[in-house]
Amino acid sequence: MLTANPQLTADKKLKHLLTTEGLPKKLIEQILETADQFVSVGDREVKKVPLLRGKSVFNLFFENSTRTRTTFEIAAKRLSADVINLNIGASSASKGESLLDTIDNLAAMNADMFIVRHSQSGASHLIAQHVKAGIAVINAGDGRHAHPTQGLLDMYTIRHYKKSFHNLSVAIVGDILHSRVARSGIHALTTLGCPDVRVIGPATLIPSEVERMGVSVHHDMHRGLEGVDVVIMLRLQSERMSGPLLPSAHEFFKNYGLNAEKLARAKPDAIVMHPGPMNRGVEIESGIADGCQSVILPQVTFGIAVRMAVMAMVTGN
Amino acid sequence: MLTANPQLTADKKLKHLLTTEGLPKKLIEQILETADQFVSVGDREVKKVPLLRGKSVFNLFFENSTRTRTTFEIAAKRLSADVINLNIGASSASKGESLLDTIDNLAAMNADMFIVRHSQSGASHLIAQHVKAGIAVINAGDGRHAHPTQGLLDMYTIRHYKKSFHNLSVAIVGDILHSRVARSGIHALTTLGCPDVRVIGPATLIPSEVERMGVSVHHDMHRGLEGVDVVIMLRLQSERMSGPLLPSAHEFFKNYGLNAEKLARAKPDAIVMHPGPMNRGVEIESGIADGCQSVILPQVTFGIAVRMAVMAMVTGN
Amino acid sequence: MLTANPQLTADKKLKHLLTTEGLPKKLIEQILETADQFVSVGDREVKKVPLLRGKSVFNLFFENSTRTRTTFEIAAKRLSADVINLNIGASSASKGESLLDTIDNLAAMNADMFIVRHSQSGASHLIAQHVKAGIAVINAGDGRHAHPTQGLLDMYTIRHYKKSFHNLSVAIVGDILHSRVARSGIHALTTLGCPDVRVIGPATLIPSEVERMGVSVHHDMHRGLEGVDVVIMLRLQSERMSGPLLPSAHEFFKNYGLNAEKLARAKPDAIVMHPGPMNRGVEIESGIADGCQSVILPQVTFGIAVRMAVMAMVTGN
């Protein structure tokens, strides 16, 4: 018998959101359907629902990310929760307190939810295993491992524009090796039944044995984009641009930057996605980022709704 | 035909607040009258009105200013808005994202209002031109250009103590050249019909051709303060105190610091203002700052009400 | 006639909370009883009461402490207050503004309460003497002087487990000299009638004439713990570990770290407390920190309720 999935309750409801790997298809679909209802909240005059009123949500960012922290803060506030932002790098960690002592302390303040960003893979799992029943943990990015709300908002966006995953070809392009966004997207896509997921990048930035995840590998971007419905571009971290894995940012753009000529290989109605923040002119041409096939800003809008859905579900709503 | 005022809607209502320059007299008066109603909110047991409930207000501070950020945060919270503080210097900017990409992202999160502080003149204009209808931009200080809510709270304060602008003499003293406070005050005063606005300071700190703004220039503070009703002292930035434009802070105080002897040249009931934070003993003597003619702290109180008024008006309330 | 206690109103109600020294027994008991009611709020589905709705509470942290700031922020939000966090080290202080000018400014924004953390002893007193009637000041730690909410939450915890103070022996162990936690605890314990308070530590870390505070001094921890009901361990600041007052952290643990063998000297049902954050292996063995006698996490939970009680009382609720 396998270890029970730590993300699920005994009756298969969402308890934590740690990774899209192993997340049942039904649950992913339920998250996307719940998000549907929250998309409209963002358009209202009063963008608030009382689902999490009186709940204490802690944004625990051990790694700085104003953008991601902001999306969770907005989502929680629109659910009427009390939000506490903790930039932990600057506090207890520097006083030599252990991660789990920090968690125990905040839990003792009657926390209801931890949103966790950490540079080490597995940090959210460790916390989820440690906290007592009734406290939910949402992984907001752990090392190279997972960024499940990004993966789910990508699924929401694809479903919104393409309706179904069943006949879809999706290409993920760039630094696959270091990307938790790629990993979370691949697991969600294969679970939802997407039959053709391709990863495209230089050999130095593709994990070995990535085919085991159910994807095909392309080093030639022109061929890799042939006939795809969805192009997901990844951010190239600046530390990679002049590192040993790449000759230069310029060279990278030439081979793996998305421009009109390469995008022409995809289907005419293909959509272009990017998790942000973009390096214009490095992984994506400005004209494409702002072009009619780009759905990069709708991704952001849907991201708020998906995070609201996850928060509502892990608190039993 | 001139370009339409980017601050106004087609039917001349306040859409953004970017500068007091060119702001119609009627609108300034409407802001001051709206603020009247909010002054009393600050005295209530429950200091809250629900006008901005469910609105998402982003404090975008590309330049650090806890004091100004706090006034906007309080104003927004007393209007029941959800407030998100973003110190952008420390986040996306450092990831190389462009200003407008940052704005587009936050707008995609269904933002209702951006409060913008930026070291570059024109940043708020740029953002206001860029955002879609329904999102309001309030300039909280851009470079040397404008600080319109400070200008308006100064007008509120003057009107509160002097009732009318029509027979008033107002002196603005100090580093006029680098002061967005001075610029915003001068535009508002002349629009409101103040017949005698004087700027006083050393030649090195007075902009050339400042007379075009409708003010007279004085280098001798004793003569400049003769018979004025209002003295607005400006903060001397510390980087100016020992720079090439001034011999020393001590010398500056001797010539342009406000003390009892110089203040005696003004009318006996003249009021003394300062935007804060003060350098006691540099631009103003401590006894004057705390004296019976000082209205420096009422300026702060009125500032909250004026910011509430502007926020309420740009969101259509 | 003595100077009136600055913490009390004319009719002996709590106006500010600055120190446990001189705080009347009746008031301490009233705080603990009020906290009783708030403990249950933390367990509710909706952890909120409207007592401070529309009040503006300023967390003024001139010294960084995310942990303490968080406890006050949560307490204030559960009372429905609007909370403004100000890390003053990074703002006005750096612009050369004086402490009292900063306070005057925030007070002019219609502040209702200041929570003050400052590295200088007496900062909260200074502020409390300065502010006008209707503004409450709560000391969240000032230099080596006092940390009264910590002292009171320690009393709450002891009363919770031991019911009464009348036959109790309490030992406080470690760096007494630099500890505001020790000082606030000792004053509260003696006021509540605890007959036997012992301080235990090396001679270099015990204040001279500490006996005047009504405690006995022990340098031998084994003898000091003999028969006590409560053991309060103090945090050893890292700057002390290799300083002139101590040979080494290892040596300190050998002599004054709490382990099973030393704890066996206390009563079998003795409780172990620590204000956090802990240095496991320096002042306390991990097994003891997590053991069945440890009430370190309940201290945190009770701390929120005690802070809610103090906030409610100083605002007249």
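As written, the chains take the letters A, B and C, and residue 1 is the first residue of each chain.
Operating definition for what follows: a residue touches a chain if its C-beta (ideal position, glycine included) is under 8 Å from a C-beta of that chain, and two chains touch if they have at least 3 such contacts.
None of the values given here were measured: they were computed from a predicted structure.
Participant: Over half shared numbers or under half: where do the identical copies chain A and chain C land at their interface, same or different?
Facilitator: Looking at both copies, the contact residues mostly diverge.
Participant: Mind checking the rotation angle between the two copies, chain B and chain C? C-alpha superposition, nearest 5 degrees is fine.
Facilitator: Rounded to the nearest 5 degrees, it is 120.
Participant: Cα centroid separation between chain A and chain C, in whole Å?
Facilitator: For chain A versus chain C, the centre distance works out to 41 Å.
Participant: Multi-chain contacts only, two chains or more: what residues does chain C have there?
Facilitator: none
Participant: How about chain A: which of its residues touch chain B in the complex?
Facilitator: Residue list for chain A touching chain B: 42-48, 64-67, 70-71, 73-74, 77-78, 238, 276-280, 297-298, 300-301, 304.
Participant: In the complex, go through chain A and note every residue touching chain C.
Facilitator: 53-56, 82, 84, 86-88, 90-92, 95-98, 101-102, 104-110
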